[in-house]
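Worksheet for the structure shown next.
Chain naming follows the written order as A, B and C, and within any one chain the residues start at number 1.
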Amino acid sequence: MRKLTFILIIAIAGFCSAQSPKAENGSFALMNATIHTVTNGTIENSNLLIENGKISKIGDLGNLGAEVEKIDCSGLHIFPGMIDSGTSLGLVEVSSVDRTDDSREIGNVIPHMKALTAINPNSALIPVTRVSGVTSALTVPDGGLFPGQAALINLHGYTPNQMSAGFSAAVMNFPSSGKRGWWDRRSDEEIEKETKEDMKELDDIWKKVEQYHELDSIKANGGTSVDMDYYPEMKALLPVYRKEVPLMIEVNKEKDIKKALEWVEKTGVRAIFTGVQEGFRVADKIAEAGIPVIVGPTLSTPARDYDRYDRPYTNPSDLLKAGVKVAIRSSEAENVRNLPYNAGFAAAYGMTEEEAFKAITIVPAELFQVSDKLGSLEVGKQANLFISTGHPFETSTDIEHVFINGWKIPMQSRHTELYEEFLQRSPGLQK
Amino acid sequence: MRKHIIFIMILQFVAVSVWAQTKKGEVLIKNATVITITDGTRENTDVYIKDGKIAGIGKDLSASSNATVVDATGQYVMPGIIDAHSHIALDAVNEATSPVTAQVWVGDALDPFDVSIYRALAGGVTISHSMHGSANAIGGQNETIKHRWGTVKMDELRMEGAPRTIKFALGENPTRVHGTGNNIVPRTRMGVEQVFRRAFSEAKEYLEKWDEYNANKNKRGYKGMAPEYDLQKEVIADILRGEIIVHCHSYRADEILMLMDVFKDYGIKKLVFQHVNEGFKVAPEIAEFGAMASVFADWWAYKFEVYYSTAYNAAILTKNGVTTSINSDSGELIRHLFHEAAKTQKYGDLTDDEALKLITLNPAKQLGIDDRVGSLEVGKDGDVVIFKNHPLSIYAVPQMTFVDGVKYFDINEDQDDMRIYVDPSEEIDVMRSRTEHEKCMANAEWFLTN
Amino acid sequence: MKKITWAFLLLLFITYSGRAQDKELAPVTGTVAITNITINPKPGEIIENGTVLVRDGLIEAVGKNIQIPPGARILKADSLHLYPGFILGHSHVGIKMPENKEDRNAKVEDPGNPPNELAGITPERKVYQYLDMTDKSVSEWREAGFTVAQTSPKGGMLPGTGSMILLGGNPENPILKAETALYSTFDGARRMYPATILGVMAHYRQLYRQADQSMEYSIAFDKDPSGRKRPTKNRTLEAFYPVIKNQVPVFFKTEEILEAQRAMILQKDLGFDLVLTELKEGWDLVSDVKTSNSKVQFSLDMPKWEEKKKDSSKTEDTSKEQIALEGRRQEFLKKYYSQMAEYAAAGIPFSFSGLEVKPKDVQKNLQKIVENGLSTDAALAALTTTPARQAGLDKSIGTVEKGKLANLLISNKPYFEKDARIKYVMIEGKLYEYDLKESKKPDAEVLDIVSGDWTFEAETPAGTMTGTITILKDEGGDFTGTIYNTITGQENELRNIQLSADVLSFEYSVTFQSQNLDIEASLTISGESFDGYMEIAGSGESFPVEGSKVPAKRN
């Protein structure tokens, strides 16, 4: 049955035009579905109305005008669109081809670099991602100590501004005392030395931000004699220093997490820890500090040879049980579509299905201060959602429709297009 | 007294003369849902393994008093998963010094201490194909290993009697390492073809010289000199003789066709394409040649030659009649190949049996060991895995893994620290990297730094 | 000419080397009687109050009632203990390899087929070409009680052929047996074939089989050259001929268990006689060694034996996990020291090698091995009779018996007892005497001043190095400390800090140009300044250091 639907969609899409189909705007009534609201339980056999890009009704939709497109969702499920809270989507196209990688700028302290500036709305990776039900993603620059500002985007739009979901935050890679990879040949001493230098640099920077804040405050209060040079790095860090926005701190090793906790306590910044690979070793301390975390990828190898084989799978659950607010990320670009499986493994290894799904919907929405718009199916929220044959954690589930900001997204991507063309190639073997 | 080793060695280069005596177990798994792969799925069924081999599949089987009995009510039993492409359990992956290194053999570099072996077992994988990397057009010979975790002996990892295989590589990796890195052919896909043609032609000449020498050497008064022994040519000659299965790292459709053309010219038939991301474009040609394909479930776009890929690759190949498997090429993916196979239901709606074949019987065929493993049949090796839920579900969760009837993984009994050896001088809180992508190029980095 | 050079070098060495503790006794007569001594003539035997009579470098008599010939010099050795001079199974002692003039980063045209020399394939090198008896290592090993050593060239995969040499006696004639080992390692070449273990294994097979083939052909040619093509001369392949004929064994450096297995795989493939040398992880290989009939030399370079530290400073690392991990670490540390007892119990003879150990650590390590279950007799056998037999020299060395070379070791207490010190070493009749230097108590005034910060300046090969040394004394009276230097910018932990009289000594490791260097320092403190030297361990390179105390800050 679902196979048929699928082929039908492809056939129609193929028939309509040779061009890539466009998203459709309008009012859509999704009828007779199981609605997984995330925040208000699951409603069987109910309806959902999308108008003006928003969810305008859930339940009895009353009389629908002729302009409303009805979609029969009998036997199907509606979920809020999934949010990946750590990707390089739009910045990186082909990771091994340098010229297609805009995720790393030069400089150790460059918090004024904005990911949103360099996001390519036409990346082939974006349609591949959204047809799997991931509708928003935090796109994160990488590199040195302060590599720039991450941006939350919706995966539909022709300009970065159209895509922007209204959140950005400075990113910090906390000085790491771990090896960077199997290729990292630095000796323990060298690593220690570099970590020390980085910590010192961090302290220096923070002193400068403090001064900058003082000067800026005097100026704001009418101190005309204050002379402030163009200093974009400090300007970018100012809202972080003033706790107006969160700081996303990438930190993984137990020792480093402890140090980061001290640093956060000292500076009082509104921190979100990301990565947190060894969070399970210090879960209580993170909970005590009240710092939320974005963990992942769950599908990764344990960090130490003597770690239990399933540590990365159980890490989200260990943190949650200790009382930490947990979101899950994929850390991917081309395979952000595996976000539900990163959450699914957390569900298979300790979290409940609901908890794991929240970690890729409402929790990131809250962390990114957009829970009034995204992360659950509630009247008044933005219509970012998908319709599927089952729970998105299961690979046997097909995603039938995706809506972003109320736009009905074509269920097409490079992967489906190639499937369509080559499943039964024509010509076959003959010339 | 000196042995006449020349003659012995030609006969048995790879066959390490005496196979290590490995442990064999006896176990009775009761009352499970048994997925046989070749003979359907049976509810409430027992699987009995004796002396390391499957001795019975059926209802209410009984076993000798030596057998360990496992109650698997409500759980799923399937054949041990086979990974047709991995680089775990190896001390070295690439001898990246020359475009042709057929003489080297990863069986010399096995590392039974690699904890990745245990982690693979914890994902239900009992056999993996430990491969040379993809830096060279003709890389080294591979080794098919059984995951007998806990042994400190290299020889006990080897799957006794598995056919010889060798790694070939096309495209970006060999052209980058040798062409761009060292200014040596090949820098292009044109060059790669000629590397193969030269190697095969020279091996052929070598064989002919030996044939001539062997035909004459016992004649009275013959005073010729034997051709100089050349291990590399010996191995390539064995490929020509059909004694070695070629596993070729490949991505683009054109290079896949090229290799099949070259093989046709030299009469080589045993061919498995690895990765083969654009295999879907030439699936009918691959099927016609009789080659097989071992692919990623969904990897793409990490380099230019895989930018025009589709996750529907496995489905297209399967539906075009190509024997296809899903592999890991990674110490991470090998831990959940059951999940990787399950993705073919999202990308192409494969049936449960079709999907599970991709990680059992099909890779067994590609390694030439399907008479021994890959399905649950009486007489086959007792390599099985027990899952809590259906193996294609995200909630599958492997519970126990057996190799030759010996339990090597038990979710409820194993300790956290499963290292075999501990280095007393190592710092305790050493933290390793994050996910390792494409270890294929390990030991080749230094050629890529300029 | 050569003779003169030897003598000249020796002379130079004696006058130059201020640090050497050898005191040469001019031999008035070639006959020496060592009397009233406890003799351990061979493992398992003891003669109390015995006499050893040495004449012209040979042992003339051993026993209780020995007639001492008139004119013999008498060495009264009451309460001392005499052993056969120790034999070091394998080492690089006395070797000065030529500087490799090639730039290490030089690119070869075809990395797949580089010149043998660059690829580390030099089996034709004979160690005696590189022997320098004035090298410090010779006297250091002698001082540690070793009278004979097998020594091999340094290099890559096939560094060359080793010899058995005397570590003293007549410096003009140190070679006991010229070709005793084809030394092999699994070390790959840099950026060229064979670069990895994969290449080394394959290339070993290739070279060996080519050698076998070429040897066979030359035999046929020698028998009947008429009508045959002249064989190609190839020094690399010819170096294998004695190995193929089983006249010389292959000494494979196999520190790790997998290397040992790989050497045995090659042995099985190719059929040579195998010695696993510098073995460190042998505890799981007892049966393999037995079935493969290979010989074993355990490395004397052992992981540092750390008694379980009292947890004083570190309180946070006492989680259940940390305790379990520490337990496993201790368990494995013990294996390094207890494996020799297992081999002895299994009846597998073994000797020791010293390719990497510092001679002054040897006694301490041997005592730990004995503490971990090896009998003193078995330990003595591993140092004397077994290496003698392994080298086919058991008729001339290895025991204190009539007719053998007068290679002896005399200590103040039984050698394996704590605080035993070597007082004399005799090599081929030549006597070396050593100070029984008790570790002296630190001078009071030095003890007062040593704690704190010291600045230093050293003239290193890499230029002038300055920095700070910080010494702290903990409550238990032990020292801890760090050293910071300006060249690498690293701060390094000091180890093994000792204060003896006015001499402060310590060791540390520093990473320089991605290489890990172990440095040993010895500084003589006088007032608020010091001078002394630092030495790069194992290289023989040392450089002068001066420094002075940084006045303590007032609080």
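Note that in this section a contact is a pair of C-beta atoms (placed from the backbone, for glycine too) under 8 Å apart; a residue touches a chain by one contact, two chains touch by 3 or more.
Which chain is which protein? Per UniProt: A, C = Amidohydrolase family protein; B = Amidohydrolase.
Here the structure is a predicted model, which means the values were calculated and not measured.
Relative to the centroid of every protein C-alpha atom shown, the closest chain centre, again from C-alpha atoms, is found for B. Chain pair with the larger contact count among A-C and A-B is A-B, by C-beta pairs in contact.
Separating the CA-averaged centres of subunit B (Amidohydrolase) and subunit C (Amidohydrolase family protein) is a span of 43 Å. For this pair, subunit A (Amidohydrolase family protein) with subunit C (Amidohydrolase family protein), the centres built from the Cα atoms lie 58 Å apart.
Between the Cα centres of subunit A (Amidohydrolase family protein) and subunit B (Amidohydrolase) there is a gap of 35 Å. For subunit B (Amidohydrolase), residues touching at least two other chains, in rising order: 416-417, 419. Annotation for subunit A (Amidohydrolase family protein): residues 306 touch two or more other chains. Shared interface positions of subunit C (Amidohydrolase family protein), i.e. residues touching 2 or more other chains, are given as 325. Subunit A (Amidohydrolase family protein) meets subunit C (Amidohydrolase family protein) in the complex at residues 185, 187, 189-190, 193, 306. For subunit B (Amidohydrolase) in complex with subunit A (Amidohydrolase family protein), the touching residues are 115-116, 118-119, 122, 280-281, 283-285, 288, 298-304, 307-312, 315-316, 319, 331-332, 335-336, 339, 342-343, 345-349, 392-397, 416-419, 427, 429-436, 439, 442, 445. Across the complex, subunit C (Amidohydrolase family protein) meets subunit A (Amidohydrolase family protein) through its residues 325, 489-492, 509-511, 514, 516. Listing the residues of subunit A (Amidohydrolase family protein) that touch subunit B (Amidohydrolase) in their complex gives 2-3, 6, 93-97, 124-125, 178-184, 188, 252-255, 277-278, 297, 299-310, 331, 333-335, 337-338, 341, 344-345, 347-349, 393-398, 414-416, 418-419, 422-423, 425, 428-429.
Touching subunit C (Amidohydrolase family protein) in their complex are the following residues of subunit B (Amidohydrolase): 2-3, 5-6, 9, 13, 16-17, 91-92, 94-101, 103-106, 108-113, 132, 140, 152-155, 182, 184, 221, 223-226, 228-232, 416-417, 419, 421-425, 428, 443, 446-447.
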